[in-house]
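Each of the next two complexes has chain A plus one other chain: chain B in the first, chain C in the second.
What follows is the complex of A and B.
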């Protein structure tokens, strides 16, 4: 077992998060809580630290099952990208995001994030 | 719809609004826009509402011809009013996509501040324009209006 797959996802009412053996992290449901940084954000930070400890080249997250989120949840993805931005250096790993091309918030948010974090984030669109 | 400014009500009211728009206007696309607009306008109103007993929120959904309006009236903390006006002025000075990208950029550089993506998201993702009206007694109404 490596550090990434050992990270335990939080148990939440409206979203299911699964860390697969491959290291891929899948989200399903909705996130509309007032302060998602307290649980989902803390989980993402733990994944980031584990990815650094494992010296990974990339981390893959699948958000295509995340049908609706509020802007505080979108902020969590922006934060993750900012952890990977080290001035003058390449990112320690690439964040690969599997997103749905049919879910509006995913199309708009990851378009914006991709333009802001080129080379840090890769978005793979699925139906 | 009138209710106390409590976070616990937002999910239920948002999903009712989505169902209402889907059922009344028959388009999934409008229902999705309604879902987003209601979520973000109510979140904003709940977060910044005064703690006074008269600080009820009111959500109105109104359609005429080819325009739909979502109006959220609240009784905000006066300290928040100037920030809200400034935020709206800044957003309305740019086209929706540019304002949305600028909000992302700001969130990525001001990592300790709150997200402040909601209003830009409403305009761009929701396909509406936002306006603010101050009412008697300190109430404020934010209206999101766009094509049906």
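What follows is the complex of A and C.
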């Protein structure tokens, strides 16, 4: 077991999060809590720290099952990109996002984030 | 269609034929999540999932703004207005002058360029800036592809997100 797969996902009402043995993290459901940084955001930060400890080249998250998120939740992905942004240096790892091409928040948000965080974020679209 | 009602929150729902759905609730009643879930399900079943997604964004962002920036003593009225070829989400509530001015400025900025506003708000956050409420309004226009209008009458504000839909 490595540090990443040992991170325990929060138990939440509207979203299920699974950390697979490969280290891939899958989200399914919706995120509509007023302050998702308290639980989902804290979990993402724990994943980031674990990925650094494992010295991973990449971290893959699958959000294709996240049918709706509020703006506060979109900011969590922005936060994650900002953790990887080190001026003058390459990112410690690449964040690979598996997104759905039929869910509009994913198309628009990751399109914008990919252009702002080039080299940090890679997006792979699925149906 | 299930809708979790909480008698302590004083939520009243009335549906007049197919037009409109009208929900009245009090700020602080913690009704955002279930109201959003209900209206998303309603829009999905009546208009299909593509339109349902758009309504879902508009309902959440406009309702959340009203809950966050409205007067605590004023009810919030959320309406889903359907005509044969258009759909609108309309949220009305009272607020204070300073917040009304801020909202008007935000709406103007989003109307002038929704995509640019959306990307700029994302960029501010990537660069470590303080997240702002404008991202939600930009989502309504850029992501949900709806027109945003603002009506002000004294301390009463009415924000409407509207779109033509295929019949």
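Definition applied: the second predicted complex is superposed on the first by the 127 of 127 C-alpha atoms of A that agree within 3 Å, B and C clash if a C-alpha of one lies under 4 Å from a C-alpha of the other, contacts with A are read in each partner's own complex, and residues count from 1 in each chain.
Please note the rule applied: a residue touches a chain if its C-beta (ideal position, glycine included) is under 8 Å from a C-beta of that chain, and two chains touch if they have at least 3 such contacts.
From a predicted model like this one, the values you see are computed outputs, not experimental measurements.
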item	value
Chain C versus chain B on the shared chain A, clash or fit after superposition	clash
Which of chain B and chain C A:116 touches, first, second, both or neither	both
Touched partner set for A:51, first chain B, second chain C, both or neither	neither
First, second, both or neither for A:7, with chain B first and chain C second	neither
Residues of chain A contacting chain B in one complex and chain C in the other	32, 34, 68, 70-72, 74-75, 78-79, 81-82, 85, 104-105, 108, 112-113, 115-117
Residue ranges of chain B touching chain A (in the complex, touch as defined)	7, 10-11, 14, 32-33, 35-36, 39-40, 43, 47, 100-101, 104-105, 107-108, 111, 114-115, 117-118, 121, 124-125
Complex contact set, residues of chain A against chain C	14, 32-34, 68, 70-72, 74-75, 78-79, 81-82, 85, 103-105, 108-109, 112-113, 115-117
Interfacial residue positions of chain A with respect to chain B in the complex	32, 34, 68, 70-72, 74-75, 78-79, 81-82, 85, 104-105, 108, 112-113, 115-117
For the chain C and chain A complex, residues of the former touching the latter	32-33, 36, 40, 53-54, 56-57, 60-61, 64, 118-119, 122-123, 125-128, 131, 135-136, 139, 142-144
